[in-house]
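What follows is a set of structures for review.
Each of the next two complexes has chain A plus one other chain: chain B in the first, chain C in the second.
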Partner chain A sequence: MGYNWNWGVFLQPAASGGDTYLGWMFHGFKTTIALSLSAWLIALAVGAVVGVLRTVPNKWLSGLATAYVEIFRNIPLLVQLFLWYFVMPELLPESLGNAFKQSNPFMQQFLSSMICLALFTSARVAEQVRSGINSLPRGQKNAALAMGFTLPQTYRYVLLPMAVRLIVPPLTSEFLNIFKNSAVCSTIGLLELAAQGRQLVDYTAQPYESFIAVTLAYLVINVVVMFSMRWLESRTRVPGYIGGK
Partner chain B sequence: MINNSKCFMLAATLATTLLATSAMAQDAGGTLKKIKDTGVITLGHRESSIPFSYYDDKQQVIGYSHELMLKAVDAIKAELKLSKLEVKLMPVTSANRITLVQNGSVDLECGSTTNNTERQKQVGFSNTIFIIGTRLMTKTNSGIKDFSDLAGKNVVTTAGTTSERLLRKMNEDKRMNMNIISAKDHGESFLTLETGRAVAFMMDDALLYGEMAKAKRASDWTVVGVPQSYEAYGCMLRKDDPAFKKVVDGALAKAMTSGEAEKIYAKWFLQPIPPKGLNLNFPLSDAMKKLYKSPNDKAFE
Partner chain C sequence: MYDFDWSSIPNALPFLWDGMKISIQITATAVVVGILWGTLLALMRLSPIKPLSWFAAGYVNLFRAVPLVMVLLWFFLIVPHLLESIFGFPRGSDMRMGSAMAGFALFEAAYYSEIMRAGIQSVPKGQMAAASALGMNYGQSMRLIILPQAFRNMVPLLLTQGIILFQDTSLVYVSALADFFGAAYKVGDRDGRLVELLLFAGAVYFVICFTASRIVRRYQQKLKIA
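== the complex of A and B ==
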């Protein structure tokens, strides 16, 4: 194949911005991390609440939580992103929608992407939380109630402290997924890592160098996430359970 | 317009790196030999580059560039004395077209690809098939008359195009403080303009007229501004394959000098075209007249 390798391309001054192409990549790298981490925090918070609600005795509450999970889990991520970015502003009251649409495009794209990724992932986190709670022996909940704990207290002091520690390993893969899923946001024009890689191809016509660099950058992110989660896992594992001592 | 091309590209890039050796063996005899051996030619086309290469309402690929490309296919078939030549169509985007030509997935791509010196390092270009200027589309009542009116506003352009580059450069050189949105394809750029996210859409003039043809009410939109650059569209083929290029160039030159190309031009730019039956009314420019008289493969930059 007649391909001209040129790894020096990263140090060339970029077409605009007084930066090098490496600088562009780094900018995308930072955007990917900021986007994924903020979405992850929201996903954890929302997912924990929804996951708990899925297991409560109240049929209305658990039904609502189930509907939430099924909606966000079963619509493809890309479709959700387009809904948040293209459709949502049209549904808002006109003045609010227009104000949003005329604001800084980067903020629009970032916010839409963050909400989209966060809610999509929260549905998946909720499932992990629910399975964590359900995996505990029924006796734990019954014993707590028999001791006179209220239901919220049972969750707060008995069920959740155990469940949360049990679901650290499956949460690791969700955490890894959110970084990889964030690449979808390049389709609405957000200049994150994958988009910068693509842009580099457009500007330099060096696709292989660019995509290899992007691949390595994702790898670096995920290796760091993996090891820190493994560390967390070893600190929090429950003795007597899978992986515990 | 659901497109997972980015993920696909990553996978494809890695896969082709691994397969590079087999591709090399294939390229040794050039594209013509490959076509002769397999009896198949793969053409790259665009999905929404109206009126160059796009889908009509029956999902058939049509357009000015596409018709010229089929002329080249006829010439290839005649050159190789094949009784049957299977034509495979593969949709490409601004972002993946160069890679797909390089790695052998696509043998010939005629759409709306600018021939420039940077790209010539990676791929070859046929004779020029069209010459455009880069201008702005805006709402008729937006009050925008030229590029200088864009200061401080949101402006959209399609990612990976020359317009994107020019717009960024202009933004810096003239400190215009524009917010530049890079949309995935021309259809999405126009959607961004239509929904009021941007006040103007910078692109090749012919494509802007093409987007207008798709709009709900074409009369709402207008094309303004002094062209910021002129560009030559060419068909993309693999680099350093003179035998294949010669056949394609020959077919294009013949179409142009014989007056056939002008008829095709009239069909796509001066008559109602699908999908909405709108007439682009885009008269033949002097640059184009000159090109038809003396076909060449020169890039403008």
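== the complex of A and C ==
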């Protein structure tokens, strides 16, 4: 096979000037991290609320939460992303839509990507929160209510503190997924890691090195996230449960 | 307020249907090949032969750590070149459909293998012992006793994974292959009606996936009672 391997290409000055190709990759890496982490925080907050709503004894609230989860789970991520990026600005009130369209392209791409990933993931987080709450013995809720706790107090002091610790392991895989899913955002032109990989192929004409480097970068993210979550899991484990101390 | 104009959709339906056929073809191939290869991987993973089990573990962990978009880009940009230079395929031949199928099948196999592994491990140990006691060898007891039960237990999960896969096929967009989503985008772009076409595509995916997941759930309930 007549391929010329050239790993030194990463240290060459990039076409944009003032930066190396490695610098390009690092830039994409930072965007991927910033995007995934910010989306993850929103997903946790929204997912917790929606997940709790799915378990409350009120048909309307739980129905609304179920509809939310079903909508975000049954439309492909790519379609959702395009809806946020191309459709949402058109449907917003004109002044807001125009403000969005006139902001700088990176901001537009980043905001759309962040909202899209956040809400997509929040539906999955909500499912984990719900199954965490449902996995608690029913007696816990009844006991709390019998002791005179109001329903919000029952959630605040009895159900959620347990449920949150139980769902740390399944949330690990959702956390890993959000980094992987962020690669989809390259399709609207956001220059994150995968998009930088494609750009490197075009500019350096060294497709193998570029793709291997980007793939390795994803592996590194994966390993780091996995080990930090494993640490968190060992800290939050509930004694007495399988896998507990 | 935005003026909706849905008139470009009726004329585009045949084109969109062609796209849907591509989506379904890719899904079907990836499900069948993915389950077969995934089952093999699961068997390797559980086998007492260390190198086989290492290989399967490495394969599964690698594919599960890399974004699907990256895997597809590998298969669209790199693998065709590799095949051209190794097998001397004519340059620039359109291998996108084949690449898409191979990429999805190999990627999904990693996920199917984890499902099948859980399925095999969910079969009580006594079944294997009983099969051995009846004089079956390893292959026979796997094929005739363990795998059918494992498979049956895992049907709902395998189908759910299939629905996820169907949604993920929209990612062939990165290769400009006109699957259902790609077709919808093209029509919307051509007619300046991207808003309507994207909303339509989203609605179609929702109806299909929601219905399918309802059916799977009903089947799962039935299985529980049995």
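Here is the rule we go by: the second predicted complex is superposed on the first by the 243 of 245 C-alpha atoms of A that agree within 3 Å, B and C clash if a C-alpha of one lies under 4 Å from a C-alpha of the other, contacts with A are read in each partner's own complex, and residues count from 1 in each chain.
By definition in this document, a contact is a pair of C-beta atoms (placed from the backbone, for glycine too) under 8 Å apart; a residue touches a chain by one contact, two chains touch by 3 or more.
Note that the coordinates shown come from a computational prediction; the quantities given were computed from them, not determined experimentally.
Per the definitions stated earlier, placing chain B and chain C onto a shared chain A by superposition produces a clash between them. In the superposition on chain A, A:Leu78 makes contact with both chain B and chain C. Within the superposed three-chain model, A:Ala183 lies in touch with chain B and with chain C [touch as defined at top].
In the superposed model, A:Leu219 makes contact with chain C only, not with chain B. Once chain A of one complex is fitted onto chain A of the other, the partner contacts of A:Tyr203 are limited to chain B, with no touch recorded for chain C.
When the shared chain is aligned, chain B and chain C each come close enough to touch A:Phe86. Of the two partner chains placed by the overlay, only chain B lies in contact with A:Asn98; chain C stays clear of it.
In the superposition on chain A, A:Glu70 makes contact with chain C only, while chain B stays out of contact range.
Touch criterion met: A:Gln108 reaches chain B, while chain C stays clear of it. Mapped onto the common chain A, chain C and chain B collide along 75-83, the only clashing stretch among 57-65, 75-83, 129-137 or 201-209. Put simply, chain A uses residues 1-3, 76, 78-79, 82, 86, 90, 183-184, 186-187, 194, 198, 201, 207-208, 211, 214-215 to touch chain B in one complex and chain C in the other.
The touching residues of chain B, when paired with chain A in their complex, are 2-4, 6-7, 9-10, 13-14, 16-17, 20, 23-24, 27, 94-95, 98-99, 102-104, 118-119, 121-123, 154, 159-161, 164-165, 168-169, 171-172, 179-184, 191, 195-198, 238-240. Across the complex, chain A meets chain B through its residues 1-4, 15-18, 76, 78-79, 82, 86, 89-90, 98, 101-102, 104-106, 108, 183-184, 186-189, 191, 194-195, 198-199, 201-208, 211-212, 214-215. By the touch criterion stated above, chain C contacts chain A in their complex at residues 1-2, 62, 65-70, 73-74, 77-78, 81, 85-86, 167-168, 170-171, 173-174, 181, 185, 194-195, 198-199, 201-202, 205-206, 209-210, 213. Contact residues of chain A toward chain C in the complex are 1-3, 70-71, 73-80, 82-83, 86-87, 90-91, 94, 176, 179-184, 186-187, 194, 197-198, 201, 207-208, 211, 214-215, 218-219, 222-223.
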